[in-house]
Amino acid sequence: MPDLERDVQDAPAAPAGASSQLQLDAPSAAPVKLGRSIVVTSGKGGVGKTTTTANLGTALADAGRSVVVVDADVGLRNLDVVLGLENRVSKHLLDVIEEKCSLDDALVRDRVRRNLLLMPAAQNREKDDVPEEKMALLVRQLQERFEFVLIDCPAGIEQGFRNAVVGAQEAIVVTTPEVSAVRDADRVIGLLPRNIELKLVVNRVRPAMVKKGTMMSVADVNAILRLDLLGVVPDEREIIIATNRGTPVIDIEGSETGAAFRRIARRMLGEDVPIPSFEDKSNFVTRIMSTLGLGRS
Amino acid sequence: MIDFLAKFFRREEASSSRARERLRLVLMSDRVSLAPDIFDAMKGEMLDVLRRYLEIDERGMDVHFENAERQFALMANIPVREVKTHDAIALARRVAVPEGAEFTSAKQTASADAANGSAAQQATMTVPRRRRRRRARTAAIAPLASQPNDDAGTPQSNDDAGTPQPNDDAGAPPPSG
Amino acid sequence: MQIKGTKSGLLLHLYDRPLAGAVLELRGKLDASPDFYRGSRAVLMLGGESAEAPELAAVIATLEQYGITADGAVCDSDSSAAVARSAGLRLVAASVAAAPRKVDDRTTPSRNGRARRSQAAHDQTRDADEPVTNVYHKGTVRSGQSFEAEGNLVVVGDVNAGAELIAGGDIIVWGALRGVAHAGARGDDAASVYALRLEATQLRISRCIAAAPPADKRRAHDLLPEIATIRDGRIVIVRADQPHR
Amino acid sequence: MPGRAFVITSGKGGVGKTTTTANVGCALASLGKQVVLMDADIGLRNLDLVLGLEKRIVFDLVDVAEGRCQPRQALIRDKRLDGLYLLPASQTKNKESIEEDQMREVVRLLVAEFDVVLIDCPAGIEHGFRNAIAGADEAIVVTTPEVSAIRDADRILGMLGQRRARLIVNRVRLEMVKTGDMLAVEDVAEILGREVLGVVPDDEEIIDTTNRGEPIVLDASRRLAKTYIAIARRLIGEDVPLPSFDDDGFFGRLRRLMIGTRSHA
């Protein structure tokens, strides 16, 4: 029964229903310039993916770009609480994928920044419920409408990870200067598709600890991961306060963390913003390495 | 030090109390959305009670939870065609509640609360803030036992006994079913 | 005795027992469904007990009666390894005994035009004369990735902690080797591991295993290329510029 | 009498499951128990690193589950503490390579020989989570006093079925609790409605010792060593009172009162 088999295989490739549904929501202009789709991922949980997604989204919106942040953590969503939008969530990503509502029904607009929208994840469903190809299609639809599509990836490397990555053209790998976080980041980099553009953000750097030698420096981290460094974010208690309140940390006055996220957003827009030295970047080992020409500058 | 004092006395809103408030709301909504079957059951039972007093237009009915600014609320918009006569109500109640059992049977406690609180005229009901929280959770946890990923596969009724809920009010309604 | 089916064949647990009794028990198990395993290949897990050659031969013959080809052996001692080898079994490292390793997009080593053989082809390599495949990979090998070569394995790039290299022959890393490397995985004691920076979490050559010394015990010359080989039954690491010291 | 198996889980990642597993495990061993720490995070293992045992891994959990080796062969004995063993996860395989039944079987074999089995659960609620909880009798839910961590903890509490679940509130910063910028332990316990097994203050030492692979309990002079030993004692049924955290002095009480009044207004 070769015909039958082909039918089955064709089904996901051409989800006729879904595309027609989604097209209704898209502006009718003929060839659309696609926005950038960027997944924020890490492997290890709790290194700051959601915080990074929320703050970069906010900073990009402040720079006048239209931004949608997508929560891909089905069943354990948190982007809504970090942005303080949890009260306004009614429909979610799976509703759109399953055609229970339109894209616009599910998108939640930020109260202050009208060009920042949230696509919430379903909380009462499982990650296996999301078909990868439909997720890719959804991201593509969003790219037609927004200049930036930031996707907040769940921890781990299971189906949720695959769903978050499938539609992305770029990836921001977030890690902290801890052995386990670096190892997990390395694992994730190896699993990302080859054609994806990779950038590194080192989060939760505590300069004092680096100086004491009780924390790896950014150079140590990147001697292993060897990616383009997009930014370094210092650790601050303001993050906890910001999450308590549901405001992005970039809105907290005088926050070093917030300033770091703003700089990263500017780098994403192509500006040449130097990475300030939160630390003495070269420690003993990296100095020797670079003398031998083995380290990366 | 000045900074500290300023912080100490100003403190129009400690962020932890804000966190507490937000969590309270979001968890209630999470817990409720975890159990669509329970929600449907509740809606059905609520309706059973209302029907004894009112003629209801079921097609125009809308019951859902809303997470408004500082309140987690059950919003019920139920079009009423007609209020029944005293006799009709008496008859309906006798059929529904035999031998003066009132509304305290396990199956109907939730709906009884709803009926007592809002009677027939008030279409919008608000779950009071603190008190009701535990109940909401009891209901939300129960159905999980029947989900496929639960290896025990135990009937819902055992769940209450097995789940330690130290401060649970004794009067919390067991889940229906 | 346990018979376990894995994706690449059967695993037959024969350790902790004298082989003499194994034939009877094996027959008993296989008779329960005589054709169930027909056509499969089996790896015998012999453990450290020194197996007697005739008894091992009896086990292999019994398996063949039920259509099962004994294909390799996992041995924990030199004596059992010798017996297995003389019975025509290839020696398999326990870590590679079963489980075909999943190859994801990034780990397909095909730059040299010759990808790793399929598992089927791999399994049929019983002839010592048959040429083995070398594998060449350019790029960082990340945590969780695993490369396997029947022959020699060359990586141009870093091999990070959590990654794994397994080769029948030598392993050469033009970069930092931080993961686990297993050279001579089928019992070749003459195999070596070469790396520009040898910082392996763990080294295995043939049946020897060595853990890396603690970081503070490593000296400055460790930043020079090094070679790991077996000497007097244990793994030693020597500087590449003074290989005979 | 068979031992007990506890799964250490959290929903959210990075709240300290692995660190907790390592340190509570060390503490139990130091109390004379025979302990196995099982890393269920296949593909993203880290317990080996935190314990500093990564160099000694030959066989792993998947090997045991698939019968490629005996459980004993895969257990790595910690030379620093009698009675402490690690069953590492595989790094090169994925979580789907093992099933719940296999996990249950492995745990069954382990509790037959050891007093306590601590299972370090992966983040999330996918296959790896279901595997990790499959063989466990009880759960220890690790959370931090943060909105997202508590929300995720609430989510998994609902997925643990009938298992007894107790809380470890991790990374508590007393000074932030006092200034009202962090939820207090009692708040967390009240919101989640479960018994608190332990409270662990936030401490830089954790980062340092984790990087070096030396669990903090191994050094009795460390600040947190006592904390973890108290948790271990409670876990095996000893009656060790929780230190009182609400005693934050006059100012704290005063402010609490003020805030309390305001929030009800």
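A, B, C and D are the chain letters, set down in written order, and residue numbers restart from 1 in every chain.
Here is the rule we go by: a contact is a pair of C-beta atoms (placed from the backbone, for glycine too) under 8 Å apart; a residue touches a chain by one contact, two chains touch by 3 or more.
Model, not experiment: these values are computed from the prediction.
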Pair of chains with maximal C-beta contact number: A-D
Using mean C-alpha positions as chain centres, tell me how far subunit A is from subunit D in Å, no decimals. 27
Distance from the mean Cα position of subunit D to that of subunit B, given in whole angstrom: 34
What whole-number Å value describes the gap between the mean CA coordinates of subunit B and subunit C? 61
Dist(centroid_CA(subunit C), centroid_CA(subunit D)) in Å evaluates to 35
Where subunit A touches two or more other chains at once, the residues are 81, 123, 157, 183-184, 187, 240-241, 243-244, 246
Taking each residue of subunit C in turn, which ones touch at least two of the other chains? 143-145, 161-163
Which residue numbers or ranges of subunit D touch two or more of the other chains? 43-44, 91, 94, 146-147, 151, 155, 181-183
What pairs of chains are touching here? A-B, A-C, A-D, B-D, C-D
Considering only the defined contacts, which subunit A positions touch subunit C in the complex? 157, 183-184, 186-187, 189-194, 224, 226, 288-289, 292, 294
Residue numbers on subunit B that touch subunit D, as the complex places them: 7-8, 11, 14-17, 19-24, 26-27, 30-31, 34, 134, 137, 140-141, 144-145, 147, 149-152, 154, 158-159, 162-168
Residue ranges of subunit D in contact with subunit A within the complex: 11-15, 18, 43-44, 46, 49-50, 91, 94-96, 122-128, 146-149, 151-152, 155, 173, 176, 181-183, 204, 207-208, 210-211, 213
Please name which positions on subunit A make contact with subunit D in the complex. 43-47, 50, 75-76, 78, 81-82, 123, 126-128, 154-160, 178-181, 183-184, 187, 206, 209, 214-216, 237, 240-241, 243-244, 246
Residues of subunit D touching subunit B in the complex: 100, 130, 134, 145-147, 150-151, 154-155, 157-159, 161-162, 164-165, 177, 179-184, 187, 190-191, 193-195, 251, 255, 259, 263
